Amino acid sequence: MARVIVDVMLKPEIHDPQGEAVLSASHRLGFGNVTGVRQGKRFELDIDGPAGEAALARAEELARELLANPVIEEFSLSFAE
Amino acid sequence: MSDSGAERAPKGALGARNTDTVEVAAATPEAEQPFKELGLTDDEYAKVRQILGRRPTAAELALYSVMWSEHCSYKSSKVHLRNLAPRGAQAGRLLAGIGANAGVVDIGQGYAVTFKIESHNHPSFVEPHQGAATGVGGIVRDILAMGARPVAVMDALRFGPADAHDTARVLPGVVSGISFYGNCLGLPNIGGELSFDPCYAGNPLVNALCVGVMRHADLKAAVASGPGNQVVLFGSRTGPDGVGGASVLASATFAGDAGDGRAAAKRPSVQVGDPFMEKLLIECCLELFAGDLVEGIQDLGAAGVACATTELAAGGGPQVGMRVDLDLVPLRDPSLTPAEILMSESQERMMAIVTPGKAGEFAAVCAKWDVEATVIGEVTGDGLLTMTWRGGTVVSIPPQTAADGPVYSRPLARPSAQDELAADGPAMPRPDGGAALRQALLALLGSPDLADKAWVTQQYDAIVRGNTVLAMPEDGGLLRVDEDTHLGIALATDGNGRYCRLDPYLGTQLALAEAYRNVAMTGARPMAVTNCLNFGSPEDPGVMWQLAEAVRGLAAGCATLGIPVTGGNVSLYNQTGQVAIHPTPVIGVLGVHDDVRRRVCAGFGADGATIIVLGETRDELGGSAWAHVAHGHLGGTPPAVDLAAEQRLGELIVAAAAAGLLASAHDLSDGGLAIAVAESCLRGGNGCSIALDGVSPQAFTALFSESAGRAVVTVRPEQAAEFVALAHSHDVPAAAIGTVTGDSLQVHGQFDIPLDELAAVWQGTLPALFG
Amino acid sequence: MTFPGSLDDQDAARAVRYAGAEPVPLWHADRDLRGVDAVILPGGFSYGDYLRCGAIARFSPVMGSLVPAARAGLPVLGICNGFQILCEAHLLPGALTRNAALRFIHRDVRLDVVNAGTAWTSGYAAGQSLTVPLKSGEGAYAADPETLDELERAGRVVVRYAQAAPNGSARDIAGICSAEGNIVGLMPHPEHAIDPLTGPSADGLGFFTSIVGAFAGAGAAR
Amino acid sequence: MARVIVDVMLKPEIHDPQGEAVLSASHRLGFGNVTGVRQGKRFELDIDGPAGEAALARAEELARELLANPVIEEFSLSFAE
């Protein structure tokens, strides 16, 4: 079984109110040297079969069709360590 | 985990060898059992052994321990709750009463209504969002299990000081949890409460109410009947949620349940709600009911499968039993032991009794709604609840013995501090002169308890389903039940921990009176009562005294008002260390509205209308909002209660609403006339000009006294005489105090506050605290 | 149309009834559109709003029929979750994102009708002001600047928040339409403003009378 | 400036209805060989200073205090590539 990680983040030009809220909360908590926060989603997919190209390709398809909305989001793929 | 699949396969000797079966239990009577860790006392454990004539198996021990917990068995409160059983005419309109999942009231035209309030206090402190969310989920399933369509929710909340650090964690989490779950279910939230006091700092109160509507014929019972009928578990899969206690079993000396000596997996005590699944479950159940496909139904709440099977079997009568194969329970985590399966509090599950002939149709409806349904056993005629797992019998008990539970008459004693408290009346200096009174009013209006609750209530969908006629910030929520006849129901919840701390008997009656009054203000006739009793530890005789007094007050109050208590919930052990919360019974009142088009709102709507104060104002400030806000003081005695007067006031409002005489009506409660008038100005967007001498010779008393049984109404000037005559015929004192006019709250000879200033003070508080 | 988790479906049906037409229930799992003249995708939390609002409903079997029909001119109104589904299905451009304050908002809002030429707004006058409830957690309309410019240029902004958008919507956009004007999506709930007894006004009824009027006119012409 | 990634996932024993909903949607879309989905959050933090131990320690503190809810979630840290 392959475990593929799909990270989905808002495109940089899209406003991220969640990230901003976390940023200002960080400052209130005294984490002044945190200068930027973006918040996105992480999916852990278990895929039947070996952890190879085929699994990655399937995950990419799923990310494109379902997990990310291309209008506002971008995604990246990796294998879980 | 990988070996558990192999373990599950052979349902024979392999599994049973390591399992704590009935045979093993009989053969090893001396095996030590962790009953204390599971919350059973020595005596209770001995009683279980006596009932069974042997030691219980691990699964039976789990089952008895959860069924006999305070939460499920009401063992400390039962002796008192018996006083609430409706008597005589009170019971007239009850189709199902206390003891059912929720009481059911006949509201006429063939409709019945079921409603109930329940606490989720402790889980909401640990994990505010999920704790509150699953609190809503649980009460909704209770209503659904009666055969009704849930149509609205309410939430009564109490937190520590508004500016306390932890309140900033707990309150937003609780509110987002209620919002997340209730909104996603499509149930309008039509009202509730929000207040703050240091006594709730380590123990917030999260009480959720749900109301449902059905036709009389739709009423369902939690009863297993008909040997051979199937026992169906449907909804979410069973996981390790909320079985913290059960891991005690797995690690105990005889631990054989897991079969492989593997250390018990982590068992989270936090349950995560899935409102989407619950929405599917609601629609699925309603379609099952409509197709007449269930013989009996029970929701799964605390104590999960243990409770549902036990209560269904016990409900069937002494001859009825049930046989369940725990291997068939669909699991989210295959490593669960039988004890854990029984105790799991996984959310969004129901259990139904289905005749074999209807099994196919039942399954089809579930499939339509994507709801997993599994036959896990059948009803038997042997009077025993029997459960098997991997070929061995792990439970074999008479179900009634687990369902009934012990009953304790715990010692109770009036704390000596009560007298000191009563003697310490609010004798502090009172504001004198217009400027000081103005200041006092603004301080109260901006205090967290009395400030605008929009920060909270704007997170709730109050209108979904399209039948909400009134919702917060009105005195009561009002729902349309029938679009053709305009029949409706009104609901309000109230509670006042300060009054109850001073005098739990009177305080509870005041909460009842306020909820009753709030319902009446909409133009509805109050008809039935539910309650959630939030108290400290029952092992403290002082707390038990508070509980006994509260129940006595509620019972007497309902008898006087002639309306029944249809059900409720008891939450004990609400304390931080040795310090209990204020006794906080929260009372919900349901009313019937004959024509929701004649609803009455609280805001001053009609310019030029005559403002009339109803009821009698005495100098009553013990436990008042003024004493609390201005002086942080709690002492003296709460306002006097006159339930007959409340009833007359209610009847007056209902009659005047029906006659179309009222332009607005708003009850007087916390903060007295000052706050009521300010709220009516702000809600209606109109100012007013009033004089106080008709209310009380002392301006301060007129403004801030919290005498019960009062309301402020407006009527068109040409109808004022007719209204006053009606008031007198109801024996309700009525004093015209001014008119709706302008854009400020103007009190003759005292002060004048522009609406903008009032609004800024009122609306600013919660956003400043919570963002 | 009812998806699993649709909540305001009976409200939409009631609004259609109030407008004098017959509501026909459609079911997400049926491909059959049952010959209806127009479709309303109602508010709610289809599939629990899991993943993204509307993301899973978009793949319902019925969408397999609805998407081509809408592209061919069938009038479709998406309210709240319905709007989100239309965006996810790419029948309308852009996306709905988390409210700026990150909280669910339920309150009455004032809307200005910007485009009174669509199938769903022809009964209004351009510039007319409506009071309608808004209730959503992910109602902030977002799109790239080119798309926003194009929407404005082509008159495809249908309704706008009269005051600053309470949810942070780009350019205070409350609702938009397809290039042909037959597909309209908006976040506020006109179906909850059809009767002052249960809503803030009856201002929302116009969406439903507009479409019913269009068919009544067509019927008369036939 | 250091960019630290904080991945926050529900603890394995905690019910993840959202992940389950995505899993069944994947199956309906024909991704039958996806056998499990868990959904979590991903934060990208920009922290003043070099991408070293100190940045990681700050991020860990922030994750513990703010980004993850220790009652139901666990987190892991890494530097962005």
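Quick notes
Which chain is which? They are A, B, C and D, in the order written, and residues in each are numbered from 1.
The definition used in the following text is that a contact is a pair of C-beta atoms (placed from the backbone, for glycine too) under 8 Å apart; a residue touches a chain by one contact, two chains touch by 3 or more.
These numbers come from a predicted model, not from an experiment.
Taking each chain's centre as the mean of its C-alpha atoms, the one that lies farthest from the centre of chain B is A. Chain C has its Cα centroid 36 Å from the Cα centroid of chain B. Inter-chain centre distance (chain A to chain D, centres taken as mean C-alpha positions): 9 Å.
One inter-chain figure worth recording: chain A and chain B are separated by 40 Å, centre to centre, where each centre is the mean of the chain's CA atoms. Across the assembly, chain C contributes 47-48, 50-51, 56, 59, 101 as residues in contact with two or more other chains. Annotation for chain D: residues touching 2 or more other chains are 17, 21-22, 25, 29, 39. Within chain B, residues 274, 276-277, 370 each touch two or more of the remaining chains.
This structure has the following touching chain pairs: A-C, A-D, B-C, B-D, C-D.
Contacts from chain D toward chain B in the complex involve residues 10-11, 13-17, 21, 24, 69, 71-72. Listed in rising order, the residues of chain D touching chain A in the complex are 1, 7-9, 19, 22, 25-26, 29, 31, 33-49, 58, 61-62, 65-67.
Of all the residues in chain C, the ones that touch chain B in their complex are 4-5, 7-8, 10-11, 14, 29, 43-45, 47-50, 101, 103-107, 133, 135, 137, 189, 191-192, 197-199. Residue ranges of chain C in contact with chain D, taken from their complex: 47-48, 50-51, 56, 59. Those residues of chain B lying in contact with chain C across their complex are 176, 179-180, 183-186, 274-277, 279-280, 368-370, 454, 457-469, 480, 596-597, 599, 771.
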